[in-house]
Amino acid sequence: MSKLVPPAPLRRAKPALPWVLLALGIAAPFYLGAYDLNLLARFMAMAILAMGLVLIWGHGGILSLGQGVFFGLGGYAIAMHMKLADLPAGEMPDFMVWSGREALPVWWEPFASPAFALAAILIVPTLLGALFAWAVFHRRVGGTYFALITQALALAFATLIISRQDVTGGFNGLTDFYSVFGFGLASPGTGTGLYWLTLAVLCLAYLGLRWLLASRFGMLLRATRDGENRVRFLGYATTPFKTVAFAIAALLAGIAGALFTLHAGVVSPALIGVVPSIEMVVWVAIGGRYSLAGAIVGALLVNLARDAVSSAFPELWLYLMGALFIVVVTLFPNGLAGLLKGNRA
Amino acid sequence: MDFALFLNQLFNGFSLASLYLLASLGLALSFGIMRVINMAHGEMLMLGGYLAWLTLLVVPGGAGILLAVPVAFAGAAAMGGLIQTSLIRRLSSRPLDTLLATWGVSLILQQAARDLFGAIGVEVRAPDWLMGSFTVAGVTLPSARLFIIAVAVLVLGALALVLLKTRIGLLTRAVNQDRMMASAVGIDVKRVDFTVFCLGSGIAGLAGVMLALLGPVTPNVGQSYIIPAFLVVVMGGLGSIVGTTTAAIVLGVFSALAQMFVDVSVAQMLLLVFVILFIQIRPQGVVAVRTRQLDV
Amino acid sequence: MIRTRLGTFAVSAFALALASCSGSGTGSDKPAGDGVAVGVLHSLTGTMAISEITVKNAEMLAIEEINASGGVLGKSVTAVVEDGASDPSTFAQKAAKLIESDGVATVFGGWTSASRKAMLPVFERTKNLLWYPVQFEGNECSPNIMYSGAQPNQQALPALEWAMAQGHKTYFLVGSDYVYPRTANLILKKHIEKAGMKVLGESYVPLGGTDFSGVIAKIQQARPAIIINTLNGDSNVAFFKQMQAAGLSPKTLPVMSFSIGEQEAKAMGTALVEGSYAAWNYFQSLPGDANAKFVAAYQKKFGADAAITDPMVHAYLDVYAWKAAAEKAGSFDPDAVRKAAVSLGSFATPMGAVSFAPNQSLVQKAFIGKLKPDGQFEIVSQPGADIQPEPYDALAFPGKSCKL
């Protein structure tokens, strides 16, 4: 399969792909209705997370089955802010009342400030991601072990959120938001505005990652993936590289979670556990783990297909997803992007 | 805290550890020699459970459950062999891709079970001699749990015999220590892979029968035990049976004792924290296999 | 049609076979000129599918019956079915799709509180109406939702009163770890304490959890007179099985369950749960012609051995209540329909005569059943009076009320 070379027209299409995507992204608000635009915006938020996986999995060889955790941290941070922002003075969010809490927890209070909430979206996932990655990598535990530990992390995080209902909203998650930073969520203008914001963040993340992957950092990351000990023998400490890469992916997941929560109007443990986390890897596997544009296409396509297939043929969806996963991973490890580019694994 | 409750939980810890052990032995064995994790291993548990149910439909009663043990072992071993030859062998040098591809298998097997047996799950009725319980010094010892502990001990003993006294065991240990060297001296590494994988899947199928004694057999029954089993593998060290057993006991007892003070949900979180702290101290796991290889 | 556009959008962009699936969804179910579309939104996949599909079936049966007898306001009813996939954000998304893209007049849907909570903002924003058929923890009061499932004071509290009347003085609360069990138990605890009785322990297990060794050890230590069980789904089988293995059967230590209905009892194998108690507003064994007719119609369509449960009947009566309210209002406008619904007065259903209270919850009776070996419940409580729904329990949440 590694001899497979795509036909010339497809190869020539490769550099154009990001531009085509951008043009479509800009055209979408003029072409789609409010519902479809909202759907597209959600998927674009997920695409931001997917690009983070390209960084760590494709280029770093670090498979994370727990990206949902960081997605959730970002989502919950913005949700906590919106919960407090809509609240009359002196009251508690409704779920705290019915969970029997007497007062707002101290660590909730600063989230009333928009600046704090924004900072939390950026800092908390990054910091937690860095800490977690460092704790595992500095003892030279990696590869399969790391993947298994991240999966356990996803399980533990989702379970913890569910069990601390009085401060997290539990299984229900957080929902019923009316405004964000002063803009009413019900007004169509806000929806379009959020779409542009998501598109802008997506472009920024894309450009940032492109630069990063082309830099010395990217080169060393790939070198670490292909032969960690050799890089060590050359005198580089590899743990900081891997930790930084993982933290960046966590940051992107956090931003994606916050944007997704704004579009979906809800964040809940159902979005962050074991299965959603592994599905995030599916997007990237299908789109192409080495390609940023591929990851975007993968995230959009898989979610679009799920939306269409799971309603019409609910039973079929799981078979399709399972089969797609097996086929793509075994036969087309470079995903859709590989079909355009030719093989480079 | 009450001493009787402590003893009770200590016993429960060992019974939980037996389940963890049965669920993780196969994972640890094949991880030791192939460096791959089969994400569909949980579905081998499920398969074992459904096979036990089917066996009991044909042969009801106490004999049925004893017959179910070899049936589940053979069925799961066959399924494991199928997965190994059709998929895992093709991916042998790509451990992370194996993880993902076998997860796809797991999805398909779960959905197939849902379509074949229904989403509600089926109930395996334990024979009467497994229904009762003994009370010793204020501690209730349900027969079903004693039976599970006994089975785990037997499996462990049998496995040790196979590994230490038989030819295939010798080959397995050789491949476990140094795969390339073993291959170079003429050991048919692929055959060892296949045998060990079947054996490990069979043990998981057997674990499925044990789970059926405690709860319903559902399409996702494997999922509730597979993540603790992964943690056992991480903690146990590469393919070491002693390490895996120790890790299973430590995690089982830890989890049961934690439940004296906190909810099951929090206990689950503590379990992960415990494992992460543990690998800070001993990243190579409880038992490290001596090897001169650099990249293990 | 907008929906298909996103499909073509993708197709033209990527020209991939995969994308050709999109846009083919359920768009073809759009109402014709002489019909009215309603949404049916339940989990057809995922962990909740097993429960929610039966509720969907009951709704489809009601719609079919209504169409066979001439429809509503002279229009035939078209159901647009969507899958919530056991995921709250999908429920919210599909609710928006049903209302904004398919233009449905109303939606029947939801099971978990999580799904309802996620859909609520969508219904309030679009001023549409959701009919919600399952018992829940109260503490919610939206003009855009009709709550036909039991409020806590229509299921949990009657069960507690019954247990107290049986002379049980010490309680142990076991539940799955999610919102309904925790809030229901909070309310129960307040009432148990007020009555001068004791809660000896409270334990939660993650949804779908099957290891009860720790919980059972605590129960054995505490020795309660009765267990109140709010476990969900498969966890129940594991719980009763491990209780039995530990020498505690429902016969020696009574268990009152809030989430075990006929379907669950049948699936669990009745030998395990025989003799345990359940509280519902409806049991398949209830007398009455309307019930017999419904059971026969459902079993004719979905299998002679299909079990009939409380949420199914609530879902079934929701469709009829919507029909009656639309006819009374003379329009499908959600606002007119909900106003008409609360002024309908009492109407006959398989569970007896019920009506909607001004707070848009159902006025209904509560029954206590004891499980028989054949999987049906024997009703052991006195036929009580109709219970007015109270979304906010006065003891647990003082000062709160629901005014619409």
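Just so it is clear, A, B and C label the chains in written order, and each chain counts residues from 1 on its own.
As a convention for this text, a residue touches a chain if its C-beta (ideal position, glycine included) is under 8 Å from a C-beta of that chain, and two chains touch if they have at least 3 such contacts.
In UniProt terms, the chains line up like this: A = Urea ABC transporter permease subunit UrtC; B = Urea ABC transporter permease subunit UrtB; C = Urea ABC transporter substrate-binding protein.
Remember, predicted model here, so these are calculated numbers, not experimental data.
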item: Remotest chain, subunit B as reference, centres from CA atoms; value: C
item: Of A-B and A-C, pair with higher C-beta contact tally; value: A-C
item: Whole-Å gap separating subunit B and subunit C, where each centre is the average of the chain's CA atoms; value: 37
item: Inter-centroid spacing, subunit B versus subunit A (mean Cα positions, whole Å); value: 32
item: Residues of subunit B touching at least two other chains; value: 263, 265, 268
item: Residue numbers of subunit C (touch at least two other chains); value: 49, 177, 204, 206
item: For subunit A, residues that touch 2 or more chains besides their own; value: 159, 162-163, 315, 318
item: For the subunit C and subunit A complex, residues of the former touching the latter; value: 2-3, 5-7, 9-10, 13-14, 16, 18-19, 21-26, 44-45, 49, 81-83, 85-89, 92-94, 96-97, 100-101, 112-114, 117-118, 120-122, 125, 137-140, 177-179, 182-183, 186, 204, 206-207, 396-397, 400
item: Sites on subunit B touched by subunit C in the complex; value: 2, 4-5, 8-9, 12, 15-16, 119-121, 123, 125-126, 130-133, 135, 140, 142-145, 211, 214-216, 218, 220-221, 224, 256, 259-260, 263-265, 267-268
item: Complex contacts: residues of subunit C adjacent to subunit B; value: 47, 49-50, 177, 203-206, 208-211, 213-215, 217-218, 220-221, 234, 237-238, 241-242, 244-247, 263, 267-269, 271-272
item: Complex contact set, residues of subunit A against subunit B; value: 57, 61, 63, 65, 135-136, 139-141, 143-145, 147-149, 151-153, 155-157, 159-160, 162-163, 228-229, 274, 278, 281, 285, 315, 318-319, 321-326, 329-330, 333
item: Touching residues on subunit A, where the partner in the complex is subunit C; value: 20-21, 24, 28, 31-36, 38-40, 42, 94-95, 97-100, 159, 162-163, 165, 170-173, 175-178, 185-186, 264-268, 270-271, 297, 300-301, 304-305, 307-312, 314-315, 317-318, 336
